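Read from first to last, the chains carry the letters A, B, C, D and E; within each, the first residue is number 1.
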Amino acid sequence: MLPGTDRMPDVIPWLILVPLVWASLAFLRGPGRGGRLALAGLAVQTGLAVKLAMQISISGVQSHAVGGWGAPLGIDLYADGLSAILLLLTQVVVLLLVVYARAYFIAHPEGVSYFWPLTGYLLAAMNALFLSADIFNIYVTLELLGLTAVGLVAARGGTESVGAAMRYLLAGLMGSGLFLLGVALVYGTYGTVSIAVLAPLIEAEAPSAVFVAVGAMLVGLLLKTALFPFHFWLPPAHGEAPAPVSALLSALVVKASFYLILRLWLQPFAPLVTTAAAQLLGLLGMAAILWGSAMALSQTRLKMLIAYSTVAQIGYLFLLFPLVTVTSQEAAESALQGGVMQVVTHALAKAAMFAAAGTVILSLGRDDIGGLGGVASRLPVSIFAFALGGITLAGLPPSGGFIAKWLLIDGALNSGQWGWVVVMISGGLLSAAYVCRVLRRAFLPMEAGARFNSPARALEWSAFTLALMSLLLGVRSAEVLILLGIR
Amino acid sequence: MSELALILAIFLLANLLVALLRVTRRPTPADRMLAALLFGTTGVALLLLLAYAEDAPVLVDIALTLALLGAVIGVAFVQRGWNQEREEENGRS
Amino acid sequence: MSTALLFPLTGAALFVMGVAGLLLQPHLLRKIIAFNIMGSGIFLILVGLGQRGGSPDPVSQAMVLTGIVVSVAATGLALALARRLLDLTGKMQLPVPGEDAARDGPDA
Amino acid sequence: MSVLALDLLLVTALLWSGLQSLVSRNLFRSIVLFIVFGLFMALAWVRLDAPDLALTETIIGAGITGALLLNGVGQWHAKQRNKLK
Amino acid sequence: MNLNEALPLLVLGSSLVPGLIIFFLAETRFRLRTALNLAGAIIKLLLIGYMIWGVMDNQSYHFRHTVLPGLDLALKADALAILFVSLSGALWLLTTLYAIGYLEDSPHRSRFFGFFSLCVTATVGIAMAANLFTFFFFYELLTLSTYPLIVHRGTDVAIRGGNTYLAYTLTGSAVLLTGVVWLYDLLGQVDFTYGGTVASLGSEYDGQLKIIFVLLIAGLGVKAAIVPLHGWLPQAMVAPAPVSALLHAVAVVKAGAFGIVRVVYEVYGAEFSESLGVLPPLAVAAAVTIVWGSLRAIWQDNLKRRLAYSTISQISYIILGTAMLGLISTVGGVVHLVHQGIMKITLFFCAGNYAETLGVHKISGMNGAGRRMPLTSAAFSIAALGMMGAPLTAGYVSKSYLSEGAQQANIIWAEWVLTASGVLNAIYFLPILYRLWFKSQPPAWPRKHIQARGGKETAWLLLIPPLVTAAATLAAGIFSESNWSPLFWVKIIAVREYSP
């Protein structure tokens, strides 16, 4: 434990407890209730996340032993710069989505069901995941995260939703099962699950069982992250859910398992990963970009287009691995920064895009891209939010996505991996193409006789704020990267 | 573990396996129910034996739970399974 | 072959069976059973490897205990969804996307 | 030696019941076999010096899961019967 | 932050802030919107004036914001920046006036003027960018803010034109980005410096530097419409006339040409580029573009299309001047940056006037329009003569410097190209002038959109801007040797570029 932790009030456990508490209260109040609780809870959580980030930037990595027990029997929580960034990102995105969802479910009450308590539990699981310091604890949080996410997808109750939820559940169970297998093998080999303890042990010696373990964990997490070809469950799950849920899942939940891959790849398993594996991940990422973009270009429904865009963007994240594996320190650092920036900006942008799409669909009463005519003049704020999100996805300045792309390209050039530069650039262009497909429709005049309901302001502006944040990160990303440097 | 207890345990386990065969090969529904009940009793016996042999009283609790479970499953079996089994047999033949 | 590796190996076999079942069986109840068998396989590996030294290992047992609880929760959720699908489609199988054209309205 | 025999027998039982519960053509039988599988798991936990796990497995693994599954299959059968009529 | 640091930001802000406010104004707030636009444009001009005065007084204006370690957003006001900033500031004011008149009663004006201001902000940012990263940043912002302007009308043709534009420019900037990042990877921060910075790398990097040069020029060449990357420009002329005017005169095309000037002189350095052997191919590309654009222009009957091809040809004068080593050709190229701007914007203003007042879009329908709209036609004629390089106009000045530069650099074929282009310009402009002034009017004009009132030929907001720019065309030609002419500034710049 660090010397600084005693003097400062510990915020780490509260980041998990607060959502648990308000979620349970919301649950007790019954279906459809608890929006206000969520808002209050998230305000507190955002404050806590900010405080944690400040503590980390002042006095370095923070840790906390739950109940004062400590490893191996107790649970250790641990937060470094990377966790702080993701915690902060999560709380901020969800805070805005809560504002959005409250307005959304007023206009669309039949979708709400147990949205609020499930969101709370999901947040508790996700925060715990970002703070976990051992791989078994990670398994538990991963599983709980998956189950609550499935609950959210199923909430609407139609055949498509429940079917999508079931598919999502099975894929998730398979994924976490593989992960647990890896945990079992690692524990069997080294007799510990603590990441910090494992790192030097793996460095010293790694029997073949550990390779199997790492392979299983990786495949399991890939399944949860929906990297091509494991993406089959994602588009229906994200496309069928109510808009706030889609935003939550696309922006954050897939990032949680990506975070795990990144963390495990960099920390305990770094001695085991090979260039070949990294290149394979990069190739899968490339395939995901191509396939996801092609599918996004051929969708007729707006939300499915955005969901396939998530498939493509996840692929983009995986281009990171060839750049951080067995390359120069400088290239790896640059690529890692780029990758994390990509995670952050994509989360903000994708949340904004799903939220904006939800507003558009609520207002028009339809979900096909062909019927978007006139939206640009009727819902300028939402379309603006969507377009700003699209700019981030395409990696154009002044967005944060541009900084991310710059850093990634820099890393690729620095490590002499030319091919990935081409992939990154084409990926950006493809995103521009499918975003543009939506925008060009929105600029067309309105169809005669189309219905239109004016949406609540909170719907439009919360999406816009998210998009604006993804944009402003383009000029204020230094802070994020400084925080990332604390490991 | 004494040799005698071990042999007994093996015998009981073998019994269970035979019962398993009864379940998988398709005899009459009544056979199946009997097999299931046999599971319960044999399981209990096996656990009690192990409790005695390894001097682990906690296993007795497990045996008791298993006995309870056997009863519950038996009831569930009769309630849900009996008719359906018969229907399926009829439907197929 | 020593007893120490017997149970972990059995666990591995069960895991493979479970994964195969999860992937290949179309019926949802069978998928759920397969998932449970897969889980049991992992638990056997976890505890089996954990006490290869001969003495019982409380840490791995605690982990499996947690794991069992989690997998029951997952089973419960899966059964609830399966039942919902049964009510909606009359089948206990994953619906093929697009096959069931009767969507429930153009809402978001 | 005969300890190994006992374990081998137990392992065979586990694998056999597990496999059968997956491949059995009759769904109801699958579930019964799964419950039996849970019983063998409990025995395996006993052999692995984990009585707590054995107890949990009997109550939760075989008991609760089994009951839930039986309930599910009951509904399914009811639906099938309605369809036939 | 002192005033010298803040000034570049203020110049940016004077169009950015009104633009952002305008986005959120209701469509009906006509007066407030107009006031904001004009206030922004006038403040910008005043700030630029102050800055010119300061630069002459040897003040330096720098602003720097670190985005990431080793990655700065940096603005500066050097002589070249001032040249481009003044051009865009002045033409923005005129185009805003024109657009207010032109778009009277059309829908979505808040959106239009919002993006219009963003577009000018981006152009000013490009002008003042102090390093490649900043340049690229604003270069992309320009792409994004012009797209909504091109598709503004929302017709199928407009949207197709806009998509072509995006496809070309985004691909181009992807190529540019690769070059920029690569150069940053080799050099660290790539600040624009007189005489260039890459020469310091040493000769083992020559191969890489050649590839990077090609990437940069190809990326910039899309916006500068170098053949064969010019395909988007004729399609983008579906935009409303003020947009085309701005696009062709200052914003998009000019940004590409300006970028090439910066890259050749201040990243690579003229002499180093010459020794690298990358300038002759660039000169050839420019020459081909000059001839090709002129040839294609001849066959166009749609007035704006003919002007668009003329732009393709004229922009490459700047590039040709840049690609020939020597002080005089540099002066000719860079001064054309300004001269082409004022002449071409005049032509587009006039084309817009014919379309709005008489409903005339085609050259074959312009018979006798000179008598119906004498002032507009006079402005058009001056600008067209300037384009041909007639004496007393701005065009004459740039062309004479260019051909003298070609002689000095001993590139004989460049002189032939310039002569041929002059002839071709005459071939596609003189028939228009003939139709305007010497053919008789048709019995009725296709559509009278704006009624002539009180002896005026069209609304005064549409009339004043072309008259001003036509006058400027003459002034820049007649008073080219005065201390306030673009030529004077360009000479200062050129001397600095050659004496690092």
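Methods note: a residue touches a chain if its C-beta (ideal position, glycine included) is under 8 Å from a C-beta of that chain, and two chains touch if they have at least 3 such contacts.
Being a predicted model, the structure only gives us computed values, none of them experimental.
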| item | value |
| --- | --- |
| Subunit A to subunit B, fewest steps along touching chains | 3 |
| Set of chains whose contacts include both subunit E and subunit B | none |
| Separation of subunit E from subunit C in steps, with touching chains one step apart | 2 |
| Chain closest to the middle, measuring from C-alpha centroids that were averaged per chain | A |
| Chain pair showing more contacts of the two, A-E and C-D | C-D |
| Most distant chain from subunit C, judged by the mean position of its C-alpha atoms | E |
| Distance-maximising chain from subunit A - centres being C-alpha averages | B |
| Whole-Å gap separating subunit B and subunit D, where each centre is the average of the chain's CA atoms | 11 |
| Cα-centroid distance, subunit A relative to subunit D, in whole angstrom | 38 |
| Centre-of-Cα separation between subunit C and subunit A, whole angstrom | 25 |
| Where subunit D touches two or more other chains at once, by residue number | 3, 52, 73 |
| Subunit E, residues touching no fewer than two other chains | none |
| Chain contact graph, described as a line, ring, star, complete graph or other shape | line |
| Each pair of chains that touches, named by its two labels | A-C, A-E, B-D, C-D |
| Residue numbers on subunit C that touch subunit A, as the complex places them | 8, 11, 15, 18-19, 22-23, 28, 31, 35, 38-39, 42-43, 45-46, 48-50, 52, 58-60, 62-63, 66-67, 70, 73-74, 77-78, 81-82, 84-85, 88-89, 94-95, 97, 100, 102-104, 106-108 |
| Touch list for subunit D against partner subunit B, complex | 2-3, 5-6, 9-10, 12-13, 16-17, 20, 24, 26, 28-29, 32-33, 35-36, 39-40, 42-43, 46, 51-52, 54-55, 58-59, 62-63, 66-67, 70, 73-74, 77, 81 |
| Partner subunit D, residues of subunit B touching it in the complex | 1, 3, 6-7, 9-10, 13-14, 16-17, 20, 23-24, 26, 32, 36, 39, 43, 46-47, 50, 56, 58-59, 61-62, 65-66, 69, 72-73, 76-77, 80-81, 84-85, 87-88 |
| Sites on subunit E touched by subunit A in the complex | 23, 65-69, 71, 73, 107-108, 111, 136-138, 140-141, 143-144, 148, 151, 154, 159, 162-163, 166, 170-171, 173-175, 177-178, 181-182, 184-185 |
| Complex contact set, residues of subunit A against subunit C | 72-73, 104, 108, 110-111, 136, 139-140, 143-144, 147, 150-151, 154, 157-160, 162-163, 165-167, 169-170, 173-174, 177, 180-181, 183-185, 187-189, 191, 193, 236, 242-243, 303, 357-358, 361-362, 365-367 |
